[in-house]
Amino acid sequence: MPKSRLEAFSDGVIAIVITIMVLELRVPHGDDVRALGAVLPVFLSYVLSFVYLAIYWNNHHHLLHTASTVTGGMLWANLHLLFWLSLVPFATGWLGENHFAAGPTGVYGVVLLLAAVAYWLLQQRIIAAQGPGSLLRRAVGGDWKGKLSPILYALAIALAFVWHWASLGLYVLVALLWLIPDRRIERALRGQEP
Amino acid sequence: MPKSRLEAFSDGVIAIVITIMVLELRVPHGDDVRALGAVLPVFLSYVLSFVYLAIYWNNHHHLLHTASTVTGGMLWANLHLLFWLSLVPFATGWLGENHFAAGPTGVYGVVLLLAAVAYWLLQQRIIAAQGPGSLLRRAVGGDWKGKLSPILYALAIALAFVWHWASLGLYVLVALLWLIPDRRIERALRGQEP
Amino acid sequence: MPKSRLEAFSDGVIAIVITIMVLELRVPHGDDVRALGAVLPVFLSYVLSFVYLAIYWNNHHHLLHTASTVTGGMLWANLHLLFWLSLVPFATGWLGENHFAAGPTGVYGVVLLLAAVAYWLLQQRIIAAQGPGSLLRRAVGGDWKGKLSPILYALAIALAFVWHWASLGLYVLVALLWLIPDRRIERALRGQEP
Amino acid sequence: MPKSRLEAFSDGVIAIVITIMVLELRVPHGDDVRALGAVLPVFLSYVLSFVYLAIYWNNHHHLLHTASTVTGGMLWANLHLLFWLSLVPFATGWLGENHFAAGPTGVYGVVLLLAAVAYWLLQQRIIAAQGPGSLLRRAVGGDWKGKLSPILYALAIALAFVWHWASLGLYVLVALLWLIPDRRIERALRGQEP
């Protein structure tokens, strides 16, 4: 399978996931500002999830950029990642409709955690396919963000049932961490291409 | 990131937004013409939003056409634009289901205004990336449409709570302004390529 | 605008329209065959519309294949066609949920008729852009299918309020007419490329 | 029609089908774990269907990879396959919402069976287009998976009304059979390209 088709399929799925998520923003029945206020929690959770999916799309591109061939293992690791990302609209809708209650806050973190694990698995598959001297392995280096995020998600899941606002704060924090652009891969690529 | 992938992702999101918007046109329960009449306001707001999204798709293409590289800033400015465009189906459904009431009419204008601001920010990012002597800067020139539209949207938002039909008239007017094709970029490009 | 982006956007919209149409097939509440029987009319109308959209996708490809440049007029004629095609899921859902009653049968024909007119307008735009000696003009030649279809749709719309089964028969007939592959364009292209 | 457009359209439809399927996972009304438990059957059927669609996407790619030209027959055989795949979300939602009851279990198998038949028809079309000495014919060889699957689906459909858990076990079994990567086509291609 050429890499371009894998990228196009992944982009397609992420574009659809990011867009159908807005269908959870149900049109309110009244026509005044109070009716609009009722969808505010769903809107806020939509904003958070939009940012997460945009980060995944962006980083996914960088990740695949380093891969030269597509192995069967990478293909299924990629589909596994898309599976967890496809659950984001569900988790987002449940979170928003219950005004960030404990249960949905925890489940939202579980989906983020499993997506992060799936992303890490895909990264490992690409590194394995590149063999020793893998460009990607050098690029991710210590990979402190990739290692810190799952820990913060796990912490947020546990905190959800104690003080769920702290969980939500952690989700926002991790998103901000990733919004700061990851220049490692770009730098490693530049080092490669003189 | 190659420009083609940014274009393909944006096209994908806009194609999905323009298409799922039709899901707000709920199938009426009766089978006579009166049942159909009940969805007429949603249909009319669908037509207006379809035209707006078509204009954005068209202008977005012209805009990216002038960009030679994709910077991180452009990428996020583009995602920011897609975010506001993704809210158009919600605003459209709310507008139609409330028969163009004041509140939804104002909110529809807010979404259009913020999309216009996001478009302007993306344009500034591309101009900045092109440095002095930017082709795009020359192409947009005085950019009276880009400057007039937000003013008209802001006026329409204020008018929504006074005389909402005037707001709707302004939305239609701005759409018509943009339907007249913008030959500036094409002309500048032609001047460039002898 | 390069032709490839116009094709990709059109393909995207048609792929989404053909797929979200299945969302009108609501999951029935019971678990027995009778519950399934209740969605049979929606299923049958889904099959018909799937075939129509597949025909449009196929013919649309042939049409654009002959175009060498994309003019602004072609672009808007194409969006106009996509607009009517985007209404097919709505018309299909209404037709099926009302068990092919007169009103929805007529409205279904109106959407098909306007899509056919939009297709014809797009064809005219491409012929006009090709100037005298247009390859497409020669290819469509007498274009009896393109001329007969709108007449049959109009007849079916009128018949809907008299004997709606005859209208449905006409819709099936037109679909069958188009399923027989249109070799004219292919033949003209082959004549062109020795 | 160039093969790339057929692939892109098929990928688009499969990406949309796999993604809108998650819309059947309706956001539960409560906010506790019990509310989440209520969507567990739909979730499990979603996982199964996600895997099936991923397998189809993957195998579909391999299949088209061997085709050199796109004939009208292949095009319609491909649309026929997409038609049955587009019904997977409906069958999945009905299966999950009825907690794997007999009727929906049988219907799920019918959709899988007809998709398998459509896949086989597409394969035959490509083999026929390749003429004698068809690369694909050699690649699929005995094609025991392709022959066994429909038999197991048929068995599962019959069993659904006797012991529906056995049917579900068979669906899982067939998915596992296909998850084991099919190296035949890759091997035949490698043999071809020295």
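Should a chain be cited, it is by its letter among A, B, C and D, assigned in written order, with residues numbered from 1 in that chain.
The working rule: a contact is a pair of C-beta atoms (placed from the backbone, for glycine too) under 8 Å apart; a residue touches a chain by one contact, two chains touch by 3 or more.
Fair warning: this is a prediction, and the values are worked out from it, not measured in the lab.
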Rigid-body rotation angle, chain D and chain A, from Cα fit (steps of 5°): 90
Could you tell me the distance, in whole angstrom, between the mean C-alpha positions of chain B and chain C? 27
Separation of the C-alpha centres, chain A versus chain C, in whole Å, is 38
Give the residues of chain D that touch two or more other chains, as numbers and ranges in rising order. 8, 12, 16, 20, 23
With chains as vertices and touches as edges, which is it: line, ring, star, complete or other? ring
Which residues of chain D touch chain C in the complex? 1, 5, 8-9, 12-13, 16-17, 20, 23-24, 72, 75-76, 79, 82-83, 86-87, 89-90, 93-94, 97-98, 101-104, 107
Would you tell me which residues of chain D are touching chain A in their complex? 7-8, 11-12, 14-16, 18-20, 22-23, 25, 27-29, 31-33, 35-36, 47, 50, 54, 57-58, 61, 179, 181
